[in-house]
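Letters A, B and C name the chains as they come in the text, with residue numbers starting at 1 for each one.
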Amino acid sequence: MTFHVTDGPVSNENSDFYRLDKINKALALAGRKMWRTLLGAVAVASALATTVLGLYVTPKDEHLGNSVRLLYVHPPVAWAALYLAFGLTTLCSILYLIPKTRSPFFDKIAGASAESGILFLSLTLITGSIWGHMTWGVWWTWDARLTLTAVLLVLYLGYLSVRKISGTDHSKAIRNSIAALIAAIDVPIVHFSVIWWNTLHQTASILTPNLQFKVPPSMGITMGIGFLSATFAWVWMVRVRYEISVLEEARESESLTTLIQNRRMERVG
Amino acid sequence: MFLDAWIVLKKDLLIEMRTRVVMVQVLPIAGAILIIFGFALGPDNQTLQKAAPGLIWIAIILSCLIAVERSLSIEYPLGRDGLRLLNLDPAGLFLGKALAISIEMIGISFLVVFGSVTLYGSRFNHFTGLLMVVLTCILGSLALSFIGALYGAMSLGSQIRETLVPLLFLPVAAPVLLASTEITAKYLGMTTGSSLKWLGVLIALTISYFAIGFVGFEPLLEER
Amino acid sequence: MPYTISLKNVVSVVGGFPLLAGINFEASFGEIVLISGPNGAGKTSLLRLIAGLIPMTQGSGYVNGLNLQENSQEIRTLVSYVGHRPNMYDDLTALENVIISVGNSHSLSLKVKLSRVKTSKLKEEIIAAFALMGLPDRVSSTKFSRLSEGQKRRVNFIPLLIKDTKIWLLDEPHASIDALSREIIDSSILRAQERGALILIASHELEHVQAIATRTLNIQGGYITSGDQDVS
């Protein structure tokens, strides 16, 4: 039994693997790594600051009591999920669908962003639910925003499942982008119909809490830091997730050359 | 494109006429859903009538899910390869598949509304009410079929199709459910006020789901 | 004359597995090429690649001057791929199935469409093709699922005859069918060759196909090991 693995070279000058290897090397550059660490550090620090300020420095609200402290968490995570994460997913999906700007980079970022979006959206739901329990005594109300958030969560969980369907890189990316676009188009539709539906069926006015209380400067600052920490945490997550997907792909592609060699060696004689 | 849509539509309806799967399986499922809702909510007709608009549309959406699944399983022996080998125009294929589903669904939705009238004692508040519900059934069926056919194509050939299609389909069916239920509720005399807004939502949904499917079907079918 | 099919270092990866691992292959009109090799060697994959059904991950490939990567849809209108499994709906009759395959907009060139405005003429042609494939009239109106294996295979060839495609990709065309069907399929292959078609046959039945093939190539491990004109 002899193997002829030398004839018919596997061309790899312009192969994905070769390009990815370069990206991989570039990513490993120390400077980049430092930026990532710095980003993570800022996220952790600002989250800590929000916690300390929110729990110990800022005062109780005279009407809302301790539940006001959720304001330092809930709006920031909602902002990160709805505007940052799903906004970026939509933008990147559109950029992939336009042939001129098409690049695997956008597909990976879209996925990374949606994944972090799911996390932030779940946090939004959980903190919203806690808020609801503290102010209205119920974990869930059919408030328009709460309902919309729940539908969104399922919508983007579906998107993440679509990302798992197998196929070639390009057909996968196209499929992902279309799924993301459908989700994005559906957001305003669900938004308006849920609001109309809610106003139609509204029974109590407690659903729109009166937020016209006096805001002491310490509260404003804490909320601002809360927004910063959610934003930094989100950027950091997208970055790390993107790097992971590049490494995943690089690993797969790297083994591809070996796979091709192995495949050729299947022959006998 | 229209030629291909016509071919696919004719083919799907012909297969349905020969096998009667939708008629003898999906339709009874819709009926069974209405009946088990009756069991769940109790025999009190007033409760049932109040819930009827929502129940009607839940029954329609669930049966649409099954009809979409059936429409996909017709193509199963050929698979994505076979479909591509037929060289049908992708937009035509989408239109044909979606219209075949929607024709089946329009029929089913009429019968579900009829079922609600007989089982729950729902009454239309006047003749225009009947017409409006019929219109809602048509628009709702179209919107659901368009998005169902698109998601079907998206998951064709995937091992997780059976679970993926409902996960994708239900959230986008939610606004259809909201709009259709509100219109139906109004004309079954359960709510007052204008339903024009909801009709607008339903039309917007139908158009946008159609547009997405029309444009998105080709890249979904291709593999490069 | 440029080759009808020309593949250079073609790699096709599906689901992380290299189905084809660097194929070099050229073929011209008028040839009947037998592709032999053990199971899982890549025979079917090679045909599916040329039919534009699986992607070309690396390398370059042209079919009738069209780039495999960019023009797979146009290529599919030029080639006819007949797989192990008939590409037909069980619940439709043989005739209805054929009409779906040949009656759609991409299958017929505009010229052909204009000359066959009357669908009745197309139907006549289809009936004639049924006769040519040795299928009696009643077969055309029988549900596809009720036909015998050999009849199914023969019905599957009818769209090729009607469309008169010049590139045939046949995957195990002789497997598990009766002698009569084999004979009829062979003669239709030879007729197509006479009309200048290029026919690739992936088969295990070397002796049988070698009788009609103009050359044989062997594929193993997703790679052509012998028989190609120039392995570079």
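Structure notes:
By definition in this document, contacts are C-beta pairs under 8 Å (C-beta built on N, C-alpha and C of every residue); 3 or more make two chains touch, one makes a residue touch a chain.
Since this is a predicted model, take the numbers as computed values, not measurements.
Contacts between chains leave no pair untouched here, as each chain touches all the others. Note on interfaces A-C and A-B: more C-beta pairs are in contact across A-B.
Per-chain CA centroids place subunit B at a distance of 38 Å from subunit C.
Look at where the CA atoms of subunit A average out and do the same for subunit C: the two points lie 46 Å apart. Centres computed as Cα averages put subunit A at a distance of 32 Å from subunit B.
Among the residues of subunit B, those in touch with two or more other chains are 222-224. For subunit C, residues that reach two or more other chains under the stated contact definition are 55. Looking at subunit A, one finds that residues 166, 168, 170-171 touch two or more other chains.
Taken together, the subunit B residues at the contact with subunit C in this complex read 1, 3-4, 7, 11, 14-15, 18-19, 74, 77-78, 81-82, 84-89, 92, 222-224. Residues of subunit C that touch subunit A in their complex: 9, 11, 13-18, 21-22, 24, 40-41, 55, 57-59, 220-223, 225, 231-232. Interface of subunit C with subunit B (complex): residues 48, 51-55, 69, 72-73, 76-77, 81, 83, 85, 87-92, 96, 99-101, 103-107, 143. On the subunit A side of its complex with subunit B, the touching residues are 151-152, 154-155, 157-158, 161-162, 164-168, 170-171, 174-175, 178-179, 181-182, 185-186, 189-190, 192-194, 196-197, 200.
In the complex of the two chains, the subunit B residues touching subunit A come out as 147, 150, 154-155, 158, 160, 164, 167-168, 170-172, 174-175, 178-179, 182, 191, 193, 197-198, 201, 204-205, 208, 212, 216, 219-220, 222-224.
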